[in-house]
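So the structure is just underneath, and the comments pick up after that.
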Amino acid sequence: MALIEDLKQRVGSVLLPGDEFFLPTEDNLTLTELRRPERLVFGPGLRRSGGRLTAVKGGVLRHKEPNVFWIQSQQKRYVPAKGECVVGVVTAKSADVFKVDVGGSEQASLSYLAFEGATKRNRPNVQVGDLVYAQFVVANKDMEPELVCVDSSGRANGMGVFGGGGLMFTVCLGLVRRLLSPSSTLRVQLEALFPGELVVGMNGRVWARCADVTRTLLLFNLIQSCESMAPTQRDELFRRVQQGAL
Amino acid sequence: MHIVCVANANLQLLSLVGPFCAKFIPVCSYRTAEPLEYHRSFLKENCRPDGRDLSEFRTTTLNIGSISTADGSALVKIGNTTIICGIKAELANPTVESPDKGYIVPNVDLPPLCSSRFRSGPPSEQAQAASQFMADIIESSEVIRAEDLCIDRGKLCWVLYCDMMCLDYDGNILDACIIALMAALKNTQLPEVTINKETSAPEVKLEKKHGLTIQKHPVGSSFSVFDDSILIVDPTAEEEILSTAQLTVVTDEEGRLCSAHKPGGTSLSGEKLQECISRATARQKEIQKLIDKVLHSVKSAE
Amino acid sequence: MATVQVSEAEKVYILHGIRDDLRADGRGCEDYRHMEIETDVVSNTDGSARVTLGHTAVLVGIKAEIGKPRPLVPNEGYLEFFVDCSANATPEFEGRGGEELGIELSNMLYKVFNKHCLDLRSLCISEGEHCWLLYVDVLLLQCDGNLYDAISVAVKAALFNTKIPRVHISADEDGGKEIELSDDPYDCMRVDVENVPCIVTLCKIGHRHVVDATLQEKACSVASVLVSVTHSGSVTCTRKVGGGSLDPESIFEMIEAGKRVGKSLHAPLMKLLQQEESLGKRRQKVGFLG
Amino acid sequence: MEECESINVCLREFGCEQSLLSRPDGSASFVQGDTSVMAGVYGPAEVKVSKEIYDRATLEVLIQPKVGLPGVRERSQEQCVRETCEASLLLSLHPRSSLTLVLQVLHDDGSLLSCLLNAACMTLLDAGLAMNCLFCGVTCAIDADGQIVTDPTAAQEKESRALMTFAMDSTDRKVLMTSTKGSFSVQEVCVFFCFLLVEVLSMCGSAGGVGHHKIKYFITVRVYRLYVFHSSTAAAVYSSESESIREDLPVLQRLSETPILQKPLTESQNFPFFAILVFYQIHTKSYRL
Amino acid sequence: MPTDNKRVRGPELSQSPALFACKAAPVAPQQGPRADGRQRDQVDVRPVFVRCGLVSQAKGSAYIEAGDTKLMCCVYGPKETERKDETDMKCGRLTTDMRFAPFSCPERGSWVQGSQDKDFSLMLHESLQPALCLHKYPRSQIDVNVVVLENSGSVLAHAVTCASLALADAGIEMYDLVLGCSIRQDGGSYVADPSYAEETYCSSDGASDQGRLTVAFLPSLNQISGLQSDGEMSAETLTAGVRTCIEGCYKLYPVLQQALIKAVRKAGPPPSES
């Protein structure tokens, strides 16, 4: 298909808002022709309206087999998306929900019952100001976002209220994605350098705890400085840290 | 009686019977439930809910000199939209930079009285933008030469406070403001001022009055863009809210443009703009005729 | 304005009492509460007075400054009023509430203390150029009803206490005028307060009206009438306040009563003020906490 | 009918830098000659109940002049910028939230409104907000001799007979906003439109780190003379030179990024370089210069 | 004074040309018939022109013209209260706003509302409130906005009349209409419904009984909802003045009734209950 070819050709190049691609007209879909149209998936930054596909964000076009396209862009403000795990701060308690600030435009709600083992009698011990690691089950533009701290089988699976100590800080959303990517060299390098706990929320909030406060702070500074560094520079920096230069 | 109408059902009805028959079906609820669809169904037939076609202005009426406390005044009605303009002349010192120039200070006020969308307190952004627009028009078109307002170079000059107040907001206030301002300026009578040589104090002869020299007669025409393509003239308040862009073109009697003001909104092609300009030129002639006619009747009545 | 919650039973009690000319604190319908007046309480003003009426406490300070007369009346000085409703008086005055009441009160004061009651021409120094400007600052310290009456008495007392330095105008070499203030602190001008009115607030409660209503009584009334009366019994200002309406006959009665009460208020007030002044420095200052 | 030779109209040197403020969600500075504007955008964030719109985000634009408080003129400029941004942003994606765009004028040396518009566009882009199209603003002046000056300085503006500012969108190349001052003939406005040739000249991105891109765009607006008479279709020539951005390009130091703004871009700088030429033409009956 | 950044600014200082006039403006005659030919010491109010329902956007509106005094009033509501903390569960809230157009007085006024405008708004509020059935509109707010287009005396009195008409036009439940009337007392004689010149003119010597009086009156209930006087008058003069004003209100009453009937007729017959 022409569109796919067109798109594939542009993979890796920069698109700007307003760049358009034209989808094949619906007339091609005839009943006699048995060939099913290829399923196309458009991710963030691409918008389909009628027969047009428009880029709405500035960034690099990415592709994943078979036909998944998205624009990789830089952003600071988090917009909740279903299924994403985030680090939030509990800001209020009401009758049966907590209000959690996740950095979006609206506070998310988190039910008392959405914790592992929580029942009407056995309420989780969560205070205002606590940090929680939770997952979005409802996140769309028209509804209040809703978080849970259990997976589909009712297990905590790493989610829930954070223990004491540690440090939370905010980085840009691109760095978070890099940290979470399965092939992230950055994460591996960090782990090698400072063994400890690292919780990364998709909303750009990172929580870290190492053996002592000094190391935690070092880790925090390292991650922050990684935001605008090339791999080679980073390697250099890490090497120096390892040698105790910092 | 029907309370709520399903939009789609009505659309079909409308397309069958045409927009004019739409009045017989419970239009009110359709209008409030789906205002945009309601308007679209009319625009499709090249007419508008109030019976006008796309390039038709509402009836414009003008009343000149109704406020005796003002030095010049005019009340303009375009359909329901009502603007009153009162001009007060005062004496002041000219600025050091331009010692031979007077001041014209236009201000537009949208009080809470004229529509429920305005709050009392300092002027809204819309009112401020309108004031700035009027100031730009006066400057661009050179309606009055600022030098004419000078009485004694570097010492004394006139300040014309042109205060425009909206009494009924039903869209298209910019056009109405320009007409009101022009008519009020033409109606303005300033007393004679002389400078006493000995005391160098001004002396005003209130009984001896003269009018202002009006150089240009700018007239505005406002347009609204519906659905990025349909252009309608003289929008009502409802149409202004539903439309995606506004455009005001101001021309003078020589056909020159004083302003083409489009503060954003959806884009417009050059041809459409050209269309607007020619409509505005025609409108300028109509309005100038109206002002002259009313002024004449006021004079003959005296 | 400061309000209190009054239950229906209390209202009926107050209403019935007033019907029989018996008020909750034992007063009659045309009696004031205990009033205390002290003048010259703030040393850095030109005139000041403190008045307490029941629990209502008001402080008035007057500053005289030289200013330019208004273009329309070039041969008169003028008064400026500012009422500060401090949140100390009642928490309701915090923010906008106090500001609105302050404007309302000062507007009323402008109307009451107009040129009919003061000789504003004596405040003129040179016509069209200089005049005395009296800044009257009213501070509400505590609110227990009947603010208008307390403020008007305090303003009158403060005006009585005001000492404006004498000025001498001399022509300098260039023909211009020079204003010289007298150095002698005793060489000063006094304001003639004989004709200055006092406000009497009459509250319509049931079929009768009472003078100097407490907050509880105020809560029972539909409307009140302010009458400002001079010593001779002429009325300088009237105003209906409150959400209700009154029939004409009761308005006439209230004006008549206001005139009667106001007239009888002036003589003892003036006597008291003169008495205090005659004490001079021997006077024992009470101050705010006394 | 004569054929008009191309005249050399140019803009002052301009430049832009993005993401230079840490607090806002998107920021940019735009420099046109000596005119310079700094901008920041916050959002989508929580909205005041009184300003909440049920089906789209509320956009607020605040313009701060170099000295003093914003007045009526700034309010009028705010209206222009806001409505232009509203047309290009997809506000319906973030209902019941607020976007706040703050524009700080650093120096005004003419063509301020166009500089404000350009800074606004760059900021929105930097914040990664969903947009239909980009837009750019350009100011033209007609001087006393009838000559057209593009991107005038304050001195040129003062001497000019008429002044016009346009904003064009990048997809349809149509007029988003016009604001004019002074009087001019209908022919002149046609010429103006003919002149409007939006040239998204250079847009370069530098990439650094694993999957981390910093994209820099330069939008140049150049005005050319068009030769087209009686043509009613808008022809767009869209030529782009693109080079894919490799993941691990050496990162330029932050500091060294600033001078690039002033310098013309060269291949040697190893920037991916795009040039998009867009000819914009409109139907005109006839014009003469 | 802080500069007004929200309006187009003029010069720092400007003065009315009337201040420099060679000849003083003619003063209102103190004896004999008045400048506009009306009679002294009689309840000779100016003929009024009243219209209801002129403003398309408002729930109810009225325009009143008495001599050269021109006023317009619009009513919006009942609607949700703007400030949540002021919501009254039992009773509606009435807000009044009265302002003068800058060109309405011989001296140019400022756009910014002064304390005088606020005082007028407050008196308007006090005069109208007793006539409204506010308990029928719990938790809501009714806005009354008055604009004075030309001030030729007795503005407050006419503002009250105009506002009550607009309220009636808006279909707000009321116990009665409210009418306003004012007089100017000048020594032993008085003028009813004074013009601007008669209102502001001040007598040269400190003669007694100089004052102005405005009364708001509910004609069918025979109640006074607003009373405001200033100047020095004896209690007897004041009482007589109030009676005069009431008489003046009764004179206006039929005109207003006619205007309302006309407006109701124009709105068309009520739909039949079939």
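Worth pointing out:
Lettered A, B, C, D and E in written order, each chain numbered from 1.
Going forward, contacts are C-beta pairs under 8 Å (C-beta built on N, C-alpha and C of every residue); 3 or more make two chains touch, one makes a residue touch a chain.
The structure presented is a predicted model; accordingly, all values stated were derived computationally and were not measured.
Touching subunit A and subunit B together: D.
If subunit E is disregarded, contact among the remaining chains splits them into the following groups: A, B, D | C.
Hopping across touching chains, the smallest step count from subunit A to subunit C is 3.
Taking the mean of each chain's C-alpha atoms as its centre, the chain lying closest to the overall protein C-alpha centroid is B. Chain centres computed from CA atoms place C at the largest separation from subunit D.
Using the mean of the Cα atoms as each chain's centre, the chain most removed from subunit A is C. The pair with more inter-chain C-beta contacts, choosing from C-E and B-E, is B-E. If you average the Cα atoms of subunit A and of subunit D, the two centres end up 31 Å apart. Taking the mean of the C-alpha atoms as each chain's centre, subunit D and subunit E sit 53 Å apart. Of all residues in subunit C, none touches 2 or more other chains.
Among the residues of subunit B, those touching two or more other chains are numbered 128, 131-132, 135. Counting partner chains per residue, subunit D shows two or more touched chains at residues 72, 75, 169. Pairwise chain contacts in this structure: A-D, B-D, B-E, C-E, D-E. The part of subunit D that touches subunit B in the complex is made up of residues 72-73, 75-76, 78-87, 162, 164, 167-169, 172, 174-186, 189-190, 193, 232, 234, 282-284.
Against subunit B, in their complex, subunit E makes its touches with residues 6-11, 13-18, 20-23, 25, 54-58, 68, 70, 72-74, 76, 79, 97, 99, 101-106, 108, 111, 143, 145-147, 149-152. Within the complex formed with subunit E, the residues of subunit B that make contact are 66-70, 73, 80, 82, 84, 86-93, 95, 103, 105-107, 109, 111-116, 120, 122-123, 128, 131-132, 134-135, 159, 161, 163, 165, 167-170, 191, 193, 201-207, 237.
The touching residues of subunit B, counted against subunit D in their complex, run 125-126, 128-129, 131-133, 135-136, 139-142, 216, 244-245, 247, 252, 255-271, 273-274, 277, 281. The touching residues of subunit D, when paired with subunit A in their complex, are 19, 24-26, 43-47, 88, 90, 93-98, 125-134, 169-171, 200, 203, 205, 207-215, 217, 242-245, 248-251, 254, 272, 274.
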